[in-house]
Structures are given as structure tokens and as C-alpha cells.
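What follows is a short report on a single structure.
Letters A, B, C and D mark the chains in the order given here, with residues in each chain numbered from 1 onward.
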């Protein structure tokens, strides 16, 4: 079974943060393992207090289903997603801005952004994942 | 009052699991009593962590109303169902993939699947129930 | 990284159940992975509805800390355990009757019993773990 | 009003992580602002899933009161602390291993560790704070 290492997660975090600063956004970004537990995260100066919670919750949803942000949005009103959101006390948000992370065929985690536009949130997550050779995500 | 015995629930579980493996799916299946409490469940190798929670929550919804998966979906947006989902902290999911179990006219439990397509989830539940003589479910 | 397979968890479950019947207890037993998510469980005829919930919650606590039942009890009043219990909405119970499961040096899950005396709960968990060659637990 | 910057929090995080690796511990460390919201955190390879939650919750308690770990423990059974823990659903843990962070006289945040001994948790937090000129903590 493959795992996302701390070193890989740190590279994702720092590359996503560089993208955030380049875009001039006020965001947080979180990297979670395949079970949705935090490995690392960072909030840039000026990003609202809500963003650490939201970026993590988006990453949890993406890791739980191993699916793209667009699919997450489509699932948001399903009974399954509403049930899981309640079981997790809201700590699972099926919104755009998070992407699953794969090593080969295996889901190893997810990256979520919050605080920018939905597209910026996703762009930061993608930039982070692309910074690590051997990791892939969905389109 | 009729009851689902542990032996019957185990036969349901193992027959549902055989169907899951035959379909090549990565699923969990749960058997609950008429009150929605677990009698037995199993998760096959490689099935995501969300599936034990979801299959149980679907079975809870099915047992609570003694109705088919399709009816469950139709009820998902009703105030009654939304209220119950909140009371149970999400641990009741009115989604396809669970079937009620009857002995004669009496509701004695439900079986829920999660991790496959909605049809696979229901097929596994049905295969389980059909493995025990004297138990019936809805179409 | 090692994992507890479904086949191993089923052997644990069935051996624990055999021990429960031998003791004449009315119990449930749950096998969870290292993250506390259910792999399989069973409740014997006549065991109270509370027992599936409690045996799982004990196993969650044991898996979270990789420690023995006795240690769990000693930790029950610590702020850390009280905080985690609240975060998990009570679904983590530091009580006697659960044991961690190791493959070599690696924690791969836990087994929890509920419904008997504290000693019977632990004895059932231990009998289950001892039924699988290559798995170990604490004294 | 003074604030802990992202750059300062990152220095704290990385210095605390260096101390964790030096001690050979399997820990997580979190840096929160004066409100208890995450700025950054990291979990080292092999640290249990419970540690990201616990280190953050300890830091929340320390930031909420601006006090030392020892004081936190003494407060654990007070009605105020028990009430706050419940309001926060457990996400505030008054346990040793977190230290408040000051700029001059002003409380600007806290650092919490989890996964080592209580002393290691606190040592990692202290090493992090000491890595930034101009920041102080309590003895």
C-alpha cells in the first residue's frame, strides 16, 4: 500500500502556497492522507479564519471519494453526501477547490484550497500536486 | 414478534459478500435489525473507509420505513426525513442500495450496501436476503 | 505498510464469537482497522442493542492509541481522551474489553467486545486475535 | 494589534519539526493564532492519526487562556474548561504540550505538540517558539 510521505506533502504545500502568492489570493491550503487526516497545511497572511477549516473539509471530501471537484459539487445534494457531512459534523465539504492525489493507481490523499475563487482554490491544489514527481490527480 | 436471528444475518452477510466478489466491487454490506441496530457487517479488501458508515446508514433508513430504495430516494427531501437524518447525526441515509427484510408480514430488519454502483449496492443486498429461506423483501 | 485483511478480520470475528458462545455471554464483537473504521462485526442472539455501538467505540480507542484495555481505563479522565471522545461524538470509549492488533511491529487494528463482564469482553477479543497466525496483541 | 505572521509560524513549525526528528518522536505540531485558528501544522511520517487533532486542540486551549501547559492541566476539571470543551465539541484540550506565544506583552498565538511524551510535546513547541527572534513564551 502506497502512502503520501511528509516530505511529499510539504512540497505540495509549499508549491501551492507559491501559486497562491503568485495569484495574489488570501487562501489556506491543506494536504490530507487517504483517510482525510491532516498531514500539513498553511494559511497565508490575511486569509480569513474560515479558510483553514474549509480547505481541510474540502480535502476530506475529495479523499473520501477520490474524485474531482466537479463531481463533488454534483454529489453535494445526494443523501449519501448529506449523511456523511452530518456524521462528520460538517467537516466534509463537497465543494470545488480540492483534488485527489494518486501514486500510480492508488489514492493516497487529497489537497484542498479555500479563500480564492473556486478556480483559484483548485489551481493552487493542482500546482501543489504537480510539484511532486510521481503524483497525479484528475483533470 | 418475529426476529432476524444472528445465524440468518450471517447467511445474508456472507451471501451478499459472495455477490460483491462476483461483481468485482469494493463494497461493504451491513445487516441491521428492525430498530436499525447492527447485527453484522463486513467490508471487503480495498473498499473505502466511507463504505461501512454509508451501508449501515442506508440500512437504518430502510429499516425505519420498511421501504424500498427507490422510495427512500423519493423521501430524501421531505421534512420528516431531513429531521430524522439530523436527529441521527446523519446516520440514516435514504439512498438506493438498501432493502427491508420481512418474515411473513413482519419487518425484521434491513440490508444495506455501499461502494458499488447504486444498482450493485442493491443487488448485493438482494442476493443476501434471497439466500435465507423464509425471508422476503420488496421488488 | 501492513494491513489487516478482510479474511483475517473474519477469522478474528468468528473465533471471538465462538468464545462468546462458549462463555454463555450475550455480546457483540467488532474488528476495526488501524484508523478505527469497521472491517467486520457480529452481535449474538439476545445481546442488547447498545453492545454493537460500545464494542466498536472501545475498538476505536484501542486502535487510536495502540494500547491495552487497562491503559485505556487509566487514560479515561485525561483531557486528551475527553477531548477526543467529544470530537468523535462519543464514538471512542476508553474502557476494558478491547485489544490492539499488531503484525510484527505495526499496529493494524483493534478488536473490541461488549455485553459481558469487562474480563469476558477482553477474553473474547483475545481469543479472536489468537486465532490468526502472525497477529499479536498486548498482555 | 500584533499578529503572528505566516512566515513566523512557518519558522516555528519547521524548528519544532527539527526538534521532533532530533528526539526521534512520532509527532504532529500545530501553530494557531490568538483566536485558536490554524496558521500551519505538520505531522511527521509514522505519527498516529490522532495527533493532528490533539496538537491543534491543545494549542487552542493554550491560546484561549494564554497560559502554560501546567496551568492547563490544573484547569481541566473546572466548569469553565469543561463548558468550553463541550462548546467546541472537544476541540480544546487542556493538556500538557502546548505553549502560548507572545510579542512583547501581547498574546499572538500558541503552539501545540502531540504524539510524544508530555515533555517531548512541550519541548517541541518551545523549540519552535525560540527559533523566532522577538517571540516569547512562559516557563
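What we mean here is this: a residue touches a chain if its C-beta (ideal position, glycine included) is under 8 Å from a C-beta of that chain, and two chains touch if they have at least 3 such contacts.
Just so we're clear, the structure is a prediction, and the values are computed from it rather than from any experiment.
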{"item": "Interface residue identity across copies subunit A, subunit B - same or different by half", "value": "different"}
{"item": "More contacts between chains, A-D or A-C", "value": "A-D"}
{"item": "Centre distance in Å when subunit A and subunit D are each reduced to the mean of their C-alpha atoms", "value": "24"}
{"item": "Gap in Å, rounded to a whole number, between the CA centres of subunit B and subunit A", "value": "31"}
{"item": "Where subunit A touches two or more other chains at once, by residue number", "value": "35, 37, 89"}
{"item": "Contact graph of the chains (line, ring, star, complete, other)", "value": "other"}
{"item": "Touching pairs - complete list by chain label", "value": "A-B, A-C, A-D, B-C, C-D"}
{"item": "Complex contacts: residues of subunit C adjacent to subunit D", "value": "35, 64-66, 78-80, 82-89"}
{"item": "In the complex, subunit B residues that touch subunit C", "value": "5-7, 9-10, 28, 33, 35, 37-45, 49, 52-53, 89"}
{"item": "Complex interface listing, subunit A residues touching subunit C", "value": "1, 3, 35, 37, 89"}
{"item": "Touching residues on subunit D, where the partner in the complex is subunit C", "value": "48-50, 53-54, 57, 72-73, 76, 85-86, 89-95, 114"}
